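Structures are listed in the sections that come next.
Consider the two complexes below, in which chain A is the common component and chain B and chain C are the respective partners.
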Partner chain A sequence: MTSAPQPLVDARDVNVWFDLPDGRELHAVRGADVRVNSREKLGIVGESGCGKSTLLMALMGLLPATASVSGRIEVMGADLLAGGERAFRAHRWKDLAIVFQGAMNALNPVIRVQRQIVEALELHEVASGMAAVHRASDLVRLVGLPEGVLRKFNHELSGGMRQRVSLAMALACDPRVLLADEPTTALDMMVAAQVLALIDRLTRELDLALVLVTHDLPLVTRTCDRIQVMYAGTVVESGTPADIYHQPQHPYTRLLFAATADVHSDGPDPVTILGAPPRLDQVVPGCAFEPRCPHSQARCATDVPQPQSAGKGRSWACHYPGEST
Partner chain B sequence: MPAALAFLLRRVAVAVVTVFVAVSANFFLFRAVPGDAASVVKVPGMTAEQRQQIRAEFGLDKPLPNQYLSYLRQLTHGNLGISFENRKPVAANLAEAVVNTMPMVVVGTLIALVIGFATGLFGAWRRGTAVDAAGLGTALAFYAMPAQWLALMLILLTNGLFPSGGMSDVFLVDADFWTMMRDRIAHLLLPALTFGLASYGQYAVIIRSSMLETLGEDYVLTARAKGFSNWAVVRRHALRNAMLPITTLIALSLGTLMAGAILIETVFSWPGVGLAIYGAVRARDYPMLQGAFLLLTCSVILCNLLADTLYLRLDPRIRTA
Partner chain C sequence: MTDDQRELLRIENVVTAYGRGAGVRAVDDVSLTLRKGELLAVIGESGSGKSTLALTALRLLEPRSGRVFFGGEDITHATQRALKPTRRRMQVVFQDPYESLDRRFRVRQIIEEPLLVHGLGANRAERLERVHAALERTGLSPAPLFANRFPHQLSGGQRQRVAIAASLVLEPELLIADEPVSMLDVSARAGVLSLLDGLRRDGDMAVLMITHDLAVAAHYADRIAVMYLGRVVEEGPAHKVVRSPVHPYTRALLSVVPPKDPLAPFHPQLLEGEIPPLTAVPAGCRFASRCPDVAPVCATVDPPLMDIGGRHSVACTRATRQAATPAHQGAAE
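And then the complex of A and B:
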């Protein structure tokens, strides 16, 4: 094989703007690239409001009508932005399935679990009739739930069970890529750990690619093959967990590690990153992280740092990379 | 399902108590108004003795608690009293009026529901567009219009194309079934249309807002992520949830339907409950009014009960609550 294998998801220079009611625009995602190869686990990390969920929604074409998207989004070789809603719909659930962060209401409250799984199977012609019902019970067993869950409604399930049902539903049509948008935010720590372990195990067993969006940097360094750190709608650093953990180049990445409490060691207390991310309804002249950066210099305020590639998916966008904190 | 049964029994009990309270209030309300059967009868040179005789005839000389008890006893036999005006049983008068009112308000409500659903659903789907604004604006304008004025305008605009009074052509005798039917429908058209136009606004607004709220829910996003088309998302996932508040509104308005529409029936001389109430007020026909009020309160209570039962079907959360 001479050519590199085609990535399942190849999105380049994705920009997302939201029209605000007052006529201004909010530039939520600013030239982000996402590549997901077969069986690869990609972690996208960043603070709240850095555009990671928006980026995920853009990949699925699920942004509201007030959003406009530019760039190129390819899924399994098909250019979806050019193909419009119809092209996106052709890939939803069959190739790209998603588990949402708001697991509490991700299931329809007036429809039984079984029907909600079966309808996806029928829509994509994976199975129908009794075969679909059997597949649904296989799926709930796969995520570690009893078959009886199929006859339940959303309000009869606990948070962890709901998220497992969401996962079972996402796996229904044998997708190639599983997107997980902060899949454990609404859950307590024990249940969150179980659900994450389940996602980790199933993606491996079913040969899925995974895109895990979270604000938990240590978590993705443990579970993912590649990491993208996002800040203010831009990917500021990407690389393998080893790269990111041992040689973080962007000061934001280093601060994210420093900001995490480690319950297993007697290391230093977590550090707070002072300030808040910039408002995305404004144009940022220089580096978006400049106001909060401990190493900012004159150039940072006026000059947007371009991503520098070090090959093999390793890159960062900083004028003064590697400055120690 | 015991939880569901308990829920239903509780609702039935509440309904029964409400009916009893309404019946009692209805009785005392009409004893509090000035005048009675004797004062209504205006015969020149009537003596006090004759007046007293009429009072005795209607049982008005007995103490109030006794009157109340006998009122309740008569009610259980379906006796609503005798109309002062035409000396016929109130129950018979009302039954005839209800039979007349029903086709008009049912067709009117269907018109209102169809236009209301179309406006509301489309508005929610194309939120913020010019079509949404125009649809909502039109709905509110019609809702704000006085029904009797709208009725007159429709008569004016249709320019005699349809009959503007009564339920049927009185000169149409011995006609065949289809001619009769056509005549009835022609008479029904304008009042029903007025009723529909005057009331669709409330449905449009509620359906639109309920739908908008539902479309913002996470499970709607899940349905879209599954690959359903926009219309399939609305039909399969959003509509049933959005229907929950709408069901209540429809059931409540069905209760008031019995009242017909006093103004519309008056304009079109439609011999229904509304016109009967109007006539009873003018003639101070207290038993008739009392009966009409009872009919209205009971139908509102019944329709509420119906809404609760429907809710039980539509929302599984109530079944286990």
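And then the complex of A and C:
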């Protein structure tokens, strides 16, 4: 019997609450699972406020002090939530690295790119002195930038170059998993395509696993092997891109696709999903999507649908799956 | 002659520059026509000049050369005072409905303000009636309910509808929408876009929409103009530009947008590098340095926008050689 390979990231039933100034709590992530296998590309898709970025920050252990996290977050077999900040620090950047949407804010504006990368290398004891300088040059070339970039300041770089520099920094400690939170959203069309192709190449050349968080459905289904659709802090559906596009089981997944215009075919007019997501500072008694769902029935307002698994990472959380729109 | 009567906005060989002297030409020799009831999408990346073009059309910027006609009237060098009555007829909706609405004002006050500025509406009751009518037109119904809200009580899509209502209350003939849905969630985009689409279909209002989203342009626009480095490189009926693009830049842009179906063929054609700065515009064709189809001729010949038939124009020496009368016969290989 061969056991399944151990996932690089195995997070189960993750819940994140934020303390609000008035003493109430905002339940941002509600029992989400994330599993990433070696070399796998996982896409997490959802609209603003669905908890996708908070989930990434929870995996990195980078949530602010006002947040509390429950569940289990295992990275390469180590239980990080049980181990606390010390355990997170042992894996952050070394096994799990992250790039953000706003590369403008991720880089220090008053030091040159080279020192920025060298500092990261020295801090994490990857290299020091001249070795770190050489490693910085290698990293910059790896992300397709000329070495001259090392002598520049953040403001002298274009958006695409900045995002490449943040990629170089994320790769400084040879991570196994790259988390990317809307890495191309702030970029121009062609630059976004270049950065995405770069991420794709890096995952292959460096044997990286990828977790790509975005609101862009065509982008994520094209880039990733497996997709998780999030709504109101919960994973409502997961499967392969073909599964969720051709056989969506959750009405929210289907509506998200229907709301997206396709430049390559003359489909019907994109639809609007009426209403708004529920407030996460309140308890949601039934299915969170119920108020906006075209197929909701009495039970949806009272019972929280539990995820149903169809094996091979395919699952959905809906009382009436597959109802066509 | 009917065409002339339908014409609302005409931009002729406009050059708009920033800075002293010759300055930096953000828009360099652009001509466009927008007819009543038409939705024109201007597509381009940062630095393409699309926003500068919109500001010039609104005459918030004065062009260095060329002419701007609105409703048949030459407004190229009209003074701010002379422009005020025209300004009522051309309105603008910005990208970010979180920034563009004054948070201290109720929706009613936000929409009433333009009426006060232009001295419209005899009294408060009449103005309120117009405010309610504008809200209803944008789908914010029942209007009295929304009129009393503050922006923070509205979703992004509702805020953008308020911004549109504040334009509609003046009954403009031209609405310029600068990335009207790029700040909105996917679920709210279609609503705002079909609102804009409906407004120009119902009345004679024309919409000039600036966007970087080709799928949105393809779906809602009648015509698409693609800009690169201060120039329009391709312009024509939306379905032609999207289904049979001619300019290599348009073709490349379309190729990098993934289709919705993850199993549909997808062959992104990546361009090298980025748009050069406006301070270093290349000689010859501006796109030559990144063009996958570049030929020797492109280094020297700056191709004009040429009609290739069916109101479809392209600025590419190689692509237009067969289709149109070559402008530079001697330069062809």
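One rule holds for everything that comes next: the second predicted complex is superposed on the first by the 324 of 325 C-alpha atoms of A that agree within 3 Å, B and C clash if a C-alpha of one lies under 4 Å from a C-alpha of the other, contacts with A are read in each partner's own complex, and residues count from 1 in each chain.
Everything below uses one rule, namely that a contact is a pair of C-beta atoms (placed from the backbone, for glycine too) under 8 Å apart; a residue touches a chain by one contact, two chains touch by 3 or more.
Predicted, not measured: the structure shown is a model, and the values here were computed from it.
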item: Joint occupancy of chain A by chain B and chain C, clash or fit; value: fit
item: Which of chain B and chain C A:P109 touches, first, second, both or neither; value: first
item: Chain B versus chain C as contact partner of A:T260, first or second or both or neither; value: second
item: Partner chain(s) touched by A:E119 [first = chain B, second = chain C, both, neither]; value: first
item: Partner chain in contact with A:W316 - chain B first, chain C second, else both or neither; value: neither
item: Contacts of A:Y231 with chain B and chain C, given as first, second, both or neither; value: neither
item: Residues of chain A touched, compared between chain B and chain C (which is higher); value: C
item: From chain A, separation angle of chain B and chain C (C-alpha centres, steps of 10 degrees); value: 80
item: Chain B versus chain C as contact partner of A:F289, first or second or both or neither; value: neither
item: Chain B versus chain C as contact partner of A:F18, first or second or both or neither; value: neither
item: Minimum C-alpha spacing, chains overlaid - chain B and chain C, in Å; value: 16
item: On chain A, positions contacted by chain B and by chain C; value: none
item: Interfacial residue positions of chain A with respect to chain C in the complex; value: 47-48, 158-160, 188-194, 197, 215, 217-219, 221-222, 241-242, 245-246, 255-257, 259-267, 269-273, 276
item: Interface residues, chain B side, partner chain A - complex; value: 217-219, 221-229, 236-237, 240-241, 314-317, 320
item: In the complex, chain C residues that touch chain A; value: 45-46, 155, 157, 185-191, 193-194, 212-216, 218-219, 239, 242, 252-254, 256-264, 266, 268, 270-271, 274-275
item: Residues on chain A engaged by chain B in the complex (per definition of touch); value: 60, 62, 89-90, 92-94, 97-98, 100, 102, 104-111, 119-120, 123-124, 153-156, 166, 169
